[in-house]
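In what follows, a single structure is set out as C-alpha cells and then discussed.
In order of appearance the chains are A, B, C, D and E, and numbering begins at 1 in each one.
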Amino acid sequence: MASLGKTDSASDSALGYSTLESGVGNVILTSADALLGWSRGQSLWAFPMGTACCAMELIAASFSKFDFDRLGVFPRQGPRHTDVMIVAGTITEKMKPVVIRLYEQMAEPKWVIAMGNCAISGGIFYYDTYSVVRGVDQFLPVDVYIAGCPPRPESLQDGIVQLRNLVRAESVSPGVRYRRRTEIPLRTAPAPTTPAPAEPASAAPASAPSKDPA
Amino acid sequence: MRSYLFGVLWGFAAAILIALTALFGVWWERKVAGRMQMRFGPQQAGPAGVLQTLADTVKLVVKEDITPNLADVPVFKLMPYLVFVPSASAFAVIPFANGWAPFNTEASALFFLAVPGMGALGMLLAGWASHNTYGSLGGVRAAAQLVSYELPRTLSVLSLVVLAGTTSAVGIRGAWQWWWIVVLAPAFAVYFISSIAEVNRGPFDLPEAESELVAGYFVDYSGIRWAIFMMVEYSGIVAASLFGAATFLGGGLGIPGPLGVLLFVAFTVAFTTMMIWVKWSFPRLRPDQLMSFAWKVLTPVALVQLLVAGVVSAL
Amino acid sequence: MSTADTDGTRRLDPDLDPDGSCGTAPSATAAAHPTVVHATNEYSSGVRGAFERCASLFVGLGITAGRMRARPKTLRYPFERLTLSPRWRGALRLTGLLGTDEVSTIQADCASYNARIGEMAAAGGLPPCTGNCPANVDARGQALYLAKGMSAEAYELVRLRNVLPGTMGRICHYPCESACKRNHYDEPIAIRPLHRVAYEGFQQVRAERVRPLPVTRGQRVAVIGSGPSGLAAAFDLMQQGYEVHCFEKEGKPGGALYSGVPAYRLPRDILHGEIDDLVAMGLRITSGVEVGVDMPIRHLIDEYDAVLIATGLQSSRMLPLPGADAEGVMGALEFLKVGNLTGDVGISGKRVLVVGGGNVAVDCARVALRVGASQVQMTSLESMDELPAHPWEIEEALDEGVVALCAWGPHSVMAEDGCVTGMRMQSVVSVFDAHGRFAPQFADEYMEVEADIVLFAIGQASDLHRLVEGSGLELTERGILPVDRTLMTTQADGVFACGEVVTGPGSAIGSIASGHEAAVSIHRYLQGIDLAEGRAFRPDLQCPRYGDVDLEGLQATRLRAKMPMAHPEERAKDFRSVELGITEAEGLREAQRCLQCESGVCVGCAFCARACPDYAIDVERVDDPDNRHVARYDLDLTKCCFCGLCAEQCPTGALRHTAQYELAFYHRDLMVFDKQEMQRPEEGSRATGADGCAGGGCD
Amino acid sequence: MPDQEFNQELVVNVGPQHPSTHGVGRILLNLDGDIVRKAELIIGHLHRGIEKMAENRTYLQVVPLTDRLDYVGSMYANWAYCRAVEKAAAIDVPERAEYLRVIVCEMQRIASHMMSVGSSGADSGAFTVFVYAFDLRERIVELFEQLCGARLTYSYVRPGGVAFDAPDGWADAVLAEMRKLPTGLEELDKLLFGNVIARGRLKGVGIMSTEQAIAWGATGPVARGSGVALDIRRQDAYSVYPRIGFDVVVGDNGDAYDRARCRLLECFESVRIIEQAITQMPEGPILTDGIPRLIAPPKGDAYARIESARGTLGVYTVSDGGAKPYRVHFRSPAFCNVSLISRLAPSHVLSDLGVILGSLDPVFGEVDR
Amino acid sequence: MTTTFAATMASIAEKFKSAVLADSDGVADACIRVEREELLGLATELAAKGFDQLEMVTAVDYRDRIGLIYRLVSATLSASLVVRCDLPAEQPRVVSLAGIWPAADSQEREVLDLFGVAFDGHPCPKRIFLPDDFCGHPLRKDFESPTLIRRPDLI
C-alpha cells in the first residue's frame, strides 16, 4: 500500500505552529487547554452554508486539488455535527431566518467564517439592492472574515488556519468561558498617522461621494 | 462457567477494543477515501494524521450534546446505548484465536448474527424520538433494511454451519478446510454484501443518505451521542470483517502461530478496505431496489449455496 | 471491457474519429440538417446484459483503484503553494502616490534621448502625449512642474526638445493632444496653451536664467539657415559644448517662422525674443549673408569642422497652366514674405483667388484679407473634409470671411491683355486612387471664377543651385539634395542637412525633430563614433483612437480651459494675434488636470472610482501648488469585486493587482485599506500584517 | 372522518440549505410514505435584484454583474450580454475576439457540464464521481486563471471584443489539455453512466416527452434529453460557429439519465469545437478600436441569445440613449428548467427528487437573478 | 422576413383590429403590437399557426405605461416573433397565457412579483422571488425602499 502521504508536520513547526502536534514524542499534554485547543483546532468540521459563487470554491476546497481534509476540516451537512459555519455567498433577507435557525441548531462551541465579500458586507451587491443583507455580522458573531470575490480555495484554507490560531487561543478555564475575537489584540497597532478610517461601511450609508478633484 | 469478574473485565476490554477499532476505522476510511479521490486525507494531526481521530473524539466529548425540546427525551437519550450494546456484544463471540473466543457458547455464530439485529430497533426509535422528519424517515429505512438483510446473511453463515457441523464460531473456525474457499465463495459474497447492508454502508447507506436525508436517524444527535453512533458503525465494519476472516477463511487459513495471526489481521484490514472501496465507488440504491436486491438476488443465491453445501457435506 | 452499446458511444472511441475529420467546415449544410448523436444507451438483453451489469461494477472498482495508485494532486498549503498566473487579480495596491513619490521627468542629453524614449516605451512607461510628439517633448513633465507653479523649470524642460517653446506654443499642430488619454474620459489637456503659460512664466525670471553655455569642445560647426531645424540642431550642439555659427540670408533670423508664418499667428517679438535667448547662450548668428552668393560654401567646409544645411524651402512651385505667366499670378511664399514683412502687396480692393488646400494656402488667404483684399476665395482639389490644412485653421479662415470652393481643379488662367481676370476650374471626381496615391480624376464640367490676383500655394521647393557650387554636392535633376533621411548625411564628408530641405513640406515640430537627428549625427561625426552603430531610432508609436465622449452633463472642473479667440471681424482687419492665451490661474488648473500617464504614481484622478461597479474606491486630492498630494485613498476591500476594471482604467498604471490572496482578517475595520495599506510592499503575502494573531498558544 | 386524517400526507420541507438542491432552492413535498404526491418549488433565496442594479450602472459596469448570474458558467452571461450591447450600439467585433469567445465559452461548457455531471453523480450517492468531475473542471479553471486572472468570475468578454489576449503558450496548453480530456470523460462515463446501480437510479426517472419539453419551456440539455434537437449554436449560427463542425447530442427517453449523458457527450463536442477553433484562430486585434468609455447605444431595444450550458440564455436590453441601460432582462434557462420539478417530481420516490433536480442542473444565481 | 412568414403575419394581423404589424426592432424577426383585450385571441391564433415555443415573457416600466413583451419562436416557420402589449401604469391587469403555453407560468409570476402586473386565470398567482409580505414591486421605476442604498452617481 503506497505510503499514505509523507508527513509534513516536521516542517509545521518551522512555520511557528505549536510543536504540540508534530511527532508522537512530545504529545505529553501539559494542560487541558492545550489539549482541547489542539483537538478543536485540528478537527474543525465545516457546515458549508454555501449559497452563491463562493459555494463553488468551498466545494473545490474539499476536493483533490486543495484538500480541506488535510487540515482536519470535514464538510458535513447536518448543523448538529459541525463546529464552524462557513457562510459562503450572498445572504438575502429571505435566507436570513434560515441561516439564523441553522446557526442556533449548531452545537456550542461554534465559530463562523464569513467567506467572500457578499457575506462580509454584501460586496458587489451593497448598492442598489433591496433584498441583500449587507454583511453576515449583522446577525451572526463572525470570527474570521475572508475577503475575495470569490476567494481562492487557498484563501479559505488560510482562513481556516487563522481560525485554528483563534481556537487555540481560547481556554476553558473558569471565568474565561469563551474569548471572542474582539478581545484578541492586534499583533501590531496600526500606524497612527491617519485618523481611524471612515466608520465601517456596513453601518451608515456610503460616506459622501468623493469631492470631485479631477 | 466463567466467573462474573471475567465478564466485567471483558466488558471494559471490549469497550477499549471498540474505541480503538473506531479510531482506526475512521482514520483509515478518511485516508483510503482520500487516496481514492487523489488527495491526502488528514495529515496535520500527528505523523500522517494518525492523531486526527483522537482530536475528533476529544472535540466531540467536549461538544455540547443538544437534546431537541420536542424530542421524547428519555428515549432520545437512551437510543445511542441501545444501538451500541448489541453491536458491542457481537465482539464477545468472535473466535480471535484457534479454539478461543471470549465467550465460547454453543450457538455463538448465530448469536453473532442475531444480536446486532437489535440495533435496528435502536435506530428506528432514535429517528422517531428526535421528532425530525428526516430522522424518522431514516429510522424507518434503517429498520426495513436491517430486517431484510439479516435473512441472506444468516443463510450464508448457515451453509458454513452445515459444512462445519457445529453452530459455534470456534467450532467452525476449528473445522475449517481448504476447499471450503472454493465451495463457499458465493456464500462469502452474500455474507460480505449483506454485512455491508447491515452496517448501513456503501451502496446501501440509505438510512444516513447524505444527499437525501442529510444525516438519517442521527441527524439531531450531536457531541458524544453522535460519536457513539459513529463508533457503532465502524466497529460493526470491523466485527463483520473479523467474523468473515475467522469463519470463511479459518482465521489465517488455519495456519497456527504468529503467521496465522498476521494473516488473520491482514484479512480483516483487507475486508474493511473492501467495504470502504465499495462505498466510495458506487452510487446509492433506491429503497425499492434495495429490497428487491435482498429478496430476489441474495436470498436465492444463499439458498442455492445452502443446497450445494448440504450435497457436499453429504459426500 | 468496453460497454458495447448502441452508436451513442461512437463519440467515445477517439481512434474512430481522431482528427475530428467529420468536423470539416460544413458551414451551411450543418445548419440545415445537423447530424444528431444519440445519448441513450441500454445494456444488451438477456445473459449478455447481466454479464455487462456485473462487469460495470468491477470496471468502477478498477477505475477507483487506478486513481489510488496515482500520486495525489493535492497542494499541501501552506508548505506547497500554487504558482499563480501573472494575471491573477489579487488585492489591489498602489505602486506610487502623489505626495510621497515623485513623477520622473525625461532629462537626457540629445545623444541618449532617443534611447531613453525607446526604453520607456518598451517598459510601458512612455506617456502617449510624449510618444505622439515628433520631437518627444516631455509634456507630462511640463504639466507636473506647472501644477506646482514652477513655470520656469517647465519652460526649460520643454526647451530641451522643443527649442522655441513660446513660438511653438502658438503655431504647433499639437499631435500630442490628440493622443492624450483624457480624450477617453472628457477633453484632452491643453498642452500647447501650457507652452505659452510656461513661456510667460519664464519671462519673469529670464534675466537670471539665461546663462551662456560653456564651450568645452574645440570643434566649430556652421549652420546655414536659422529656421526651427537649424536652431534645434544648433542648441543641441551648444549643449554638447561645440561652438556654433549660424548664417541667415534674410535680415532677421527665424527662417520660415519669420517670413512664412503670419504675424497674427506668431507675433514677431516672441520669436526674436527666444532667438535672442539662444544668442545670449552663445549662438553666433550673422544675418544678411547668403551662402553660395555672398560666401562660397567651400569656405565654410574648409573653415568649420562640420556644416549643416538647414535652408528650408524657398520657392513655391507653379503650375504650367495656359496663361500662368500673366501679370497678377504670384507664388505663395513670395506673397507671404512681402505680406508679412512689409504689409502692403498692392492688392487692396482686388479679388484674390488662392489655389491649394494646405496650411500655406490658408495663411495666404488670411493674409490677403488683412492686407486689404476685397474678396478672398480658396479652391482645392480635395473636398471639404479631405483638406490637408488643419481643421481649426480652416474654421478660423471661414469665420473671417474666406470662401472655400472645394473639389475644383485649376484648368487655365483667363487673362486679358496680360493681366489676370479669373480662372477656369474643372470639377474633380476623386483625388486619391484606391491605394491612396495622388491621382486626381476630373469630370468635364467647367466653371469660371473672376479674380484679379491668383496665388499658387500647391507646394514648395528648394533652389540650392547657387548654394552647392563648389561643394562637391550634386543635385538631382528636380533640384533636390540627396540626403540619407535617417542619418541626415549628404555625399560630401562633414556636410549634413536637416529640416524641410530633407523632409519636404511638413510641420515646424517635424523640422525641429529632424534638427535633433542631425545634431546627433554631427556630434558622433565630430567624436569619431560610427554614425549608424547603436543608433536608437525613435519607436513608431501609433496613437490609440479613443471613442468620442458627449460632454453635456460633465462637471465644469473636468472640462478643458477654453482658449479665448479675438472676434472674427476685428481680427480680420489687422495682424493682431488671434489666440489671446489663457491666464496663469487657468494654466495652473489645466496642468492639475493632467493625469501623469504611465508614471506609476497615482495622482488622485478618481477615474478608478468612476470605473468601479461597486463604488469601493474613495479618492480625495488636495491641490494647492506647493503641497499637492492625495489626501485620502480608501479601498473598501469588502466591496471590491476583484473585476480589474479599475486597474485597466488607471491612466498612470499605479493601481495594480497583487498576487496576495491570503485575505483572512479578524477585524472588519482593517478591511478598508487606507493610504498606508495601499502602498504596502508587493511581496508580503498577508495584506494587513496588523490583523494576524500569533500561532497557537498566543497569550 | 378518521381515515381522512389517518392517511394524511407527510409534508417534508427539503429546505434551502440541502445537499441535493444544488444551492438555495426549497421544495415543499407532500409525501405519501415515500411517494411524492405534490412538489412545490420555492425560490428567491438568492434573489439579489441584479436587473434592478443594472439600471444604475454603466454598460461596462454591468459585465461584472453578469459573472455572478450563472457563476458556474459566467463566460456565457458575459457573452450574451455583450452581444446584446453590440447589437444595440452597432459595435463590430474583430475576428480573433470571436474565436477567443468561442474557445472560452466551449471550455466553460465543459467545466459547467463537469459540475452538473459530477453533482448528478453525488445526488445518486457516487461522491467520487463528483471529485473526478471536479478534477477535470479544475484543469479548465486553471487555464482560465492563466488567461484572465480569475477562477470563477472572469469579466472576460467585453462589448466589442475580449479583455485580454491569450498569453503565449496558452493555446498550446489548451490543446494539450483537450487531448487529455477525452480519456477523463470516458472514465467518468464508465464510472457513472456505465455503472448498473447508477443506471438503475437515473433511468426511467423524471420522464418528459418531446412535446412537454417544448410546451414547458425547457431548453438546452434538458430539452435535448427529450429529443428536441434545439441548439442555438446551430439555429442562429451566430459568431463563428458556422465555420466549425460539431453535432447536436439528443437523448431518446427524456429521463434523468439521458439529460445527464447528453451533457457528458456535449463535452466531447466541445473538445472538437475547441480544437478546430484554435487551429482556425487568426492573429489580429482583440478589441474593436475607438469604443467610447461610456457606451451609449441609441434609443430602442435589442435582444441576443446564445446557447449556454443550461440552455437558451437571452439578454434583452432597452436603452434610452443614456450611459446606463434603461432595462436589462436575462432570459434565464435555469429558471425555466428548474420550474419543471413541480411537474416531474410527482409519483416518484423521495430519493429520486435529488436526482431529478440534479438532472435539471439549476444554478440558483441564474434562477433567482 | 421571408415572404411566406410575412404573409402569415399579415393574415394574422388583419384578424385583430388593434393588431399593428411592425418591422423587427432588434428583438425578433417580426413585431406585433396589440391591445390587451385581444391578446388572448392573438395568442391562440399564433399557437395554432406553429408558434409552439414561448421563449421569454418580460415587462418594461416606461413610467407612463408598462410594456409587456412576449417573444415566441416557431420551429416549423423557423422564425421568431415579439408580441408587445401596453398596460396602464396604475393597476396593470392582463389575461394569463399560461393556458396556451405552460412555459409562461413561472415567467408571468416573475413579472407579477417584480412589476405588479396581475395575470387573470394564472394557475398560482403568487410572488415567486420576494417574500409574500414584501411591499412594492422593485423593478418599477418609482420603487423606493429603506433597504435600497443608491450607488453615488459617479461615472
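Operating definition for what follows: contacts are C-beta pairs under 8 Å (C-beta built on N, C-alpha and C of every residue); 3 or more make two chains touch, one makes a residue touch a chain.
Model, not experiment: these values are computed from the prediction.
> Would you mind naming the chains that touch chain B and likewise touch chain C?
Both chain B and chain C are touched by A, D, going by the contact rule given at the top.
> Average the CA atoms of each chain to get its centre, and name the chain whose centre is farthest from that of chain B.
Looking at centroid distances, C is the chain farthest away.
> When you take the mean of every protein CA atom shown, which chain's own CA mean is nearest to it?
D
> Quick one: point me to the chain whose Cα centre is farthest from that of chain A.
For chain A, the chain whose C-alpha mean is farthest off is C.
> Look at the interfaces A-C and C-E and say which one is made up of more C-beta pairs in contact.
Top pair by contacting C-beta pairs is A-C.
> Can you give the whole-Å distance between the Cα centres of chain A and chain B?
37
> Quick one: report the Å distance separating chain A from chain E, using the average Cα coordinate of each chain.
The computed centroid separation for chain A versus chain E comes out at 46 Å.
> Can you work out the whole-Å distance between the CA centroids of chain A and chain D?
The answer is 30 Å.
> For chain E, which residues are shared contacts with two or more other chains?
129-131, 138, 143, 150-155
> Two or more other chains touching the same residue: where does that happen in chain C?
Within chain C, the residues that touch at least two other chains are 57, 60, 63-64, 67-68, 72-74, 76, 185, 606, 609, 613-615, 641-642.
> What parts of chain B, by residue number, touch at least two of the other chains?
Chain B, residues with two or more chain partners: 34-40, 43, 210, 214, 280-282.
> Go through the chains and record each pair that touches.
Final set of chain pairs in contact is A-B, A-C, A-D, A-E, B-C, B-D, C-D, C-E, D-E.
> Mind pulling up the chain B residues that touch chain D in the complex?
33, 36-39, 133-134, 137, 203, 205-206, 209-212, 214, 280-289
> Looking at the complex, which residues from chain E come into contact with chain C?
Touch residues, chain E against chain C: 151-152, 154-155.
> For chain C, which residues count as touching chain B in their complex?
It comes out as residues 57, 60-61, 63-65, 67-68, 70, 72-74, 76.
> Can you list the residues on chain C that touch chain D in the complex?
3, 8-9, 11-12, 14, 20, 22-28, 30-31, 34-41, 43, 53-54, 56-57, 59-60, 63-64, 67, 73, 84-89, 184-185, 544-550, 611-613, 641-645, 648-649, 657
> Name, in rising order, each residue of chain E that touches chain D in their complex.
Where chain E meets chain D, its residues are 25-28, 52-56, 58, 60-61, 69, 71, 75, 78, 82, 101-107, 110, 114, 127-131, 138-139, 143, 150-151, 153, 155.
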